[in-house]
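Going by the order they are written in, the chains are A, B, C and D; count residues from 1 in each one.
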Amino acid sequence: MSSHSPGEMMTVAASRALSDGDRCFVGIGKPSTAANLARRTHAPGLVLVYESGTIGAKPDRLPLSIGDGVLAETADAVVSVPEIFNYWLQPGRIDVGFLGAAQLDRFANINTTVIGDDYANPAVRLPGAGGAPEIAASCREVIVIVPHSRRTFVPRVDFVTSFGFGAGAGDRERHGLRGRGPQLVVTDLGMLAPDPETCELTLTHLHPGVTLDEVHAATGWDLRVAPGLRTTEAPTDTELSVLRALEGQEG
Amino acid sequence: MSSHSPGEMMTVAASRALSDGDRCFVGIGKPSTAANLARRTHAPGLVLVYESGTIGAKPDRLPLSIGDGVLAETADAVVSVPEIFNYWLQPGRIDVGFLGAAQLDRFANINTTVIGDDYANPAVRLPGAGGAPEIAASCREVIVIVPHSRRTFVPRVDFVTSFGFGAGAGDRERHGLRGRGPQLVVTDLGMLAPDPETCELTLTHLHPGVTLDEVHAATGWDLRVAPGLRTTEAPTDTELSVLRALEGQEG
Amino acid sequence: MAEITTLAEAVARLVHDGDTVALEGFTHLIPVAAGHEIIRQGRRDLTLVRMTPDIVYDQLIGAGCARKLVFSWAGNPGVGSLHRFRDAAQHGWPVPLEIEEHSHAGMANRYAAGAAGLPFAVLRGYTGTDLPGRTATIAPITCPFTGEVLTAVPALNPDVAIVHAQRADRHGNVQLWGITGVHKEVVLASRTSLVTVEEIVDELAPRPGAIVLPGWAITCVAEVPGGARPSYAMGYYERDNAYYRSWDAISRDRDAFTTWLRTEVR
Amino acid sequence: MAEITTLAEAVARLVHDGDTVALEGFTHLIPVAAGHEIIRQGRRDLTLVRMTPDIVYDQLIGAGCARKLVFSWAGNPGVGSLHRFRDAAQHGWPVPLEIEEHSHAGMANRYAAGAAGLPFAVLRGYTGTDLPGRTATIAPITCPFTGEVLTAVPALNPDVAIVHAQRADRHGNVQLWGITGVHKEVVLASRTSLVTVEEIVDELAPRPGAIVLPGWAITCVAEVPGGARPSYAMGYYERDNAYYRSWDAISRDRDAFTTWLRTEVR
């Protein structure tokens, strides 16, 4: 078994969360890599949907942007951007949405807008919402992929760009949101899932070689550990070789 | 000059009302014949738009339905039915809409729904609205083609399927309708136009050989005659030969 | 992934008494064979939805399958009236027919709202006409930014959408071209869907003007060559205009229609 | 009928100080050359609209053309931040930049409403987020049939839409394929429009996946080969990823940017 990097573990763990036949709304970067890895390993029938309007893309290399030509060339259908949001994402046709985050809080709310309390004069101006608010609202469930750090894992996000569980249990239902929200957070240290009662993110898995102390040190709130904390299965040789072949192609 | 039928005069007169370059929303039957005649005579740049979603159709024969394959094959673009109504008709991109009528009243309101006062138990159940209400609302102007008879030209339609001028001047504005409404009614006897002050339909033209008495006899209200009543110019040899060639192809 | 099955199996599985069923196809790719299968299976109390009820709906109505019709233009295009529709609406034969009528723009937007998972659509429509007074599913709505009053219509979400298309592959991905009408909208708006196709092929070669509906958004696909006759399927066959004309005589008379039904469909 | 003209003439004619201008292209067919022409012509006080402001908007903002940005995702895709955008938004250099931010779904629907001649669009969007508190152009709307509360956004109707496409014919009919994004919507939503194209041809041969915008719905067409670089034009050239990466260093520093502007654009 060859050794692997924390980033590779993160991508492999995310890819495993996708089931064959799932319709997956994919953002660029780690989500796209994880989805393409899944399609090449255990989930050949995974349907990749990109917000650029490509449905059922089967790229033979990692796309360089969510609008890479290889997506249009290999898709079952290419539709307009209004159509991909209105006819395909909004009605709940997508099983899994993949999101990143600049900040993520204990109730899985996501910030990609501004760091700092003053929206008009932010400490850091981030790119903004993109497709994320409606992905978070409408997919059957959401997977967040984000490197673990205190800067990112904060008690309360400075700005709610995409709604996770708000202030806790029942908030999604109160807002009439149809999707189940973030059901999995994959980091370079482990995996988190919402507590079934409180919706607070709890640690369910440590990646191989990672300690609980490391995770606590990288989390900005008093992270609770789920009953029966497990160790993530290390990447298999197949997973690693497919992933490395994919990433070698990039750029 | 060869002789012509009243129906031919009606089609030719309607075709002349179309200007080169106009975007024309075309229904099947006389409107389609008139529009295709115009495109082959004085208006080669006429843009034919059919509610089936064909934009810029250039049929080499008369289409047999508003969804004839020849329309799709020769169009600049074929779009969905929601798109043709929402993106092309509704915003006012169409200059001229052509409508027929089962009943037409003195304020150019159109009925194609039911004859009789009881909607639930009508004397005659007609096909209904189709695209007409929004054509009447949204085109820059509307041309109505309809054979002249007392059954059709009634003081007040039994059902307003498509709004002309309601009860008279100012009603379109009160309803916020953007198009100018029916500006021309072409029949087999003559032509009518709304009075600039009252919006009541008045007779502006008699077709060659038709008497005023004949028109009054075929109109169900006390039809006013516009100042300077004129005689429609008879179809030219070219118009007739092109029209006959077109109609000979049909069916 | 759509299940590829026979027409009879698909109709038996998807269409039940009392269902709301939309057979669409705007002058092109009308699923006539599927309509006949519904008649053969003896479905009753259907709410039939269709922008342009024409021959196949006249047949379904005449066969007593429908209790309600939701539509925007009911006629035999280029020929005249639908006599079975009129007989049911005006005289209740063979069963009374309730109607809910809209304009094309309204119906198209109702499907689009259904496809988009919204409860309603907004349009500039019906203004000044007598339709809002007769159709409960038309309501005013005010723009929250400008105060302008527009028209709202509720989404259509049929139990079953049935359309015809040119081709499908073995995964049930469907390709159609030419006039595509509201095919995409009705399939996406409906709880389940059946697409009948001219042929099932190994691969859907890309074609100008074609759209593809992914198999995972469709419930059943059935190969039914000629399934749109007497309407047409671009690239396969032309519209049978003589049939549309001949329907007028068959449908005018209850006995002639009943005979036609017995000999041609059942 | 679109007027076929040069890029410089089209920009001079259509883009005026203070206008609302939308340069669109969702990762593909971005009208970069047209953006540079706006910089060269020294336009000021523009309200710039774009779902995904990237390099070309960073350049326009850094050159001082804009007073406001309406957007949903502002970044250098695959690389990082837009430094000129951040400098303007956070420090007012070279001029202050007001922002109005939405989500992609909201922006796409705002264009769609604009194209449809409606004052607003309805979507399931923004719910629970902090965006409605910061963006005035988001409002609740209640379904008149179900009572459900959804979100409304006002139509976008820019003074000018600018997009790039693969081809046009001599009547100004424009053909594009691949990812078409919001090209159709922004052109139809705007009061005037400019389409730059890779080439003008005698006839637009039909192509799978291609859409055509009729020339009569476009104001100006200009032939600008390579007009989308460093983005891509499917069938003509690939995305220049090295350029996107190199932009990071150029744009980080005001002096480096000013030098780039003087030597590469003006």
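Just so we're on the same page, a contact is a pair of C-beta atoms (placed from the backbone, for glycine too) under 8 Å apart; a residue touches a chain by one contact, two chains touch by 3 or more.
Not measured: the values here are computed from a predicted model.
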Select, from B-D and A-D, the pair of chains that is joined by more C-beta pairs in contact. A-D
Just give me the whole-number Å value for how far the CA centre of chain A lies from that of chain B. 57
Using Cα averages as centroids, what's the distance between chain B and chain D in whole Å? 40
In whole angstrom, what separates the CA-based centres of chain B and chain C? 28
Can you list the residues of chain B that touch 2 or more other chains? 86, 90, 138
Residues of chain C engaged with two or more neighbouring chains: 117-118, 123-124, 148, 184-185, 209
Which chains are in touch, pair by pair? A-C, A-D, B-C, B-D, C-D
The residues of chain C that touch chain B in their complex are 26-28, 51-52, 71-75, 77-78, 81, 85-86, 89-90, 101-105, 108-109, 111-112, 123-131, 134, 148-149, 178-182, 184-185, 209, 232, 234, 238-239, 241
Report the residues of chain D in contact with chain C in the complex, numbered from low to high. 117-124, 137, 139-141, 143-146, 148, 150, 152, 154, 206-210
Which bits of chain A are touching chain D when the two form their complex? 28-29, 51-54, 64-69, 71-73, 78, 80-82, 85-86, 89-90, 113, 119, 121-122, 125-134, 137-138, 159-163, 166, 171-172, 175-178, 251
Touching residues on chain B, where the partner in the complex is chain D: 21, 23, 45, 47, 55-56, 76-77, 86-87, 90-93, 138
For a test of understanding, state which residues of chain C touch chain A in their complex under the given definition. 1, 115-118, 173, 184-185, 188, 211-214, 216-217
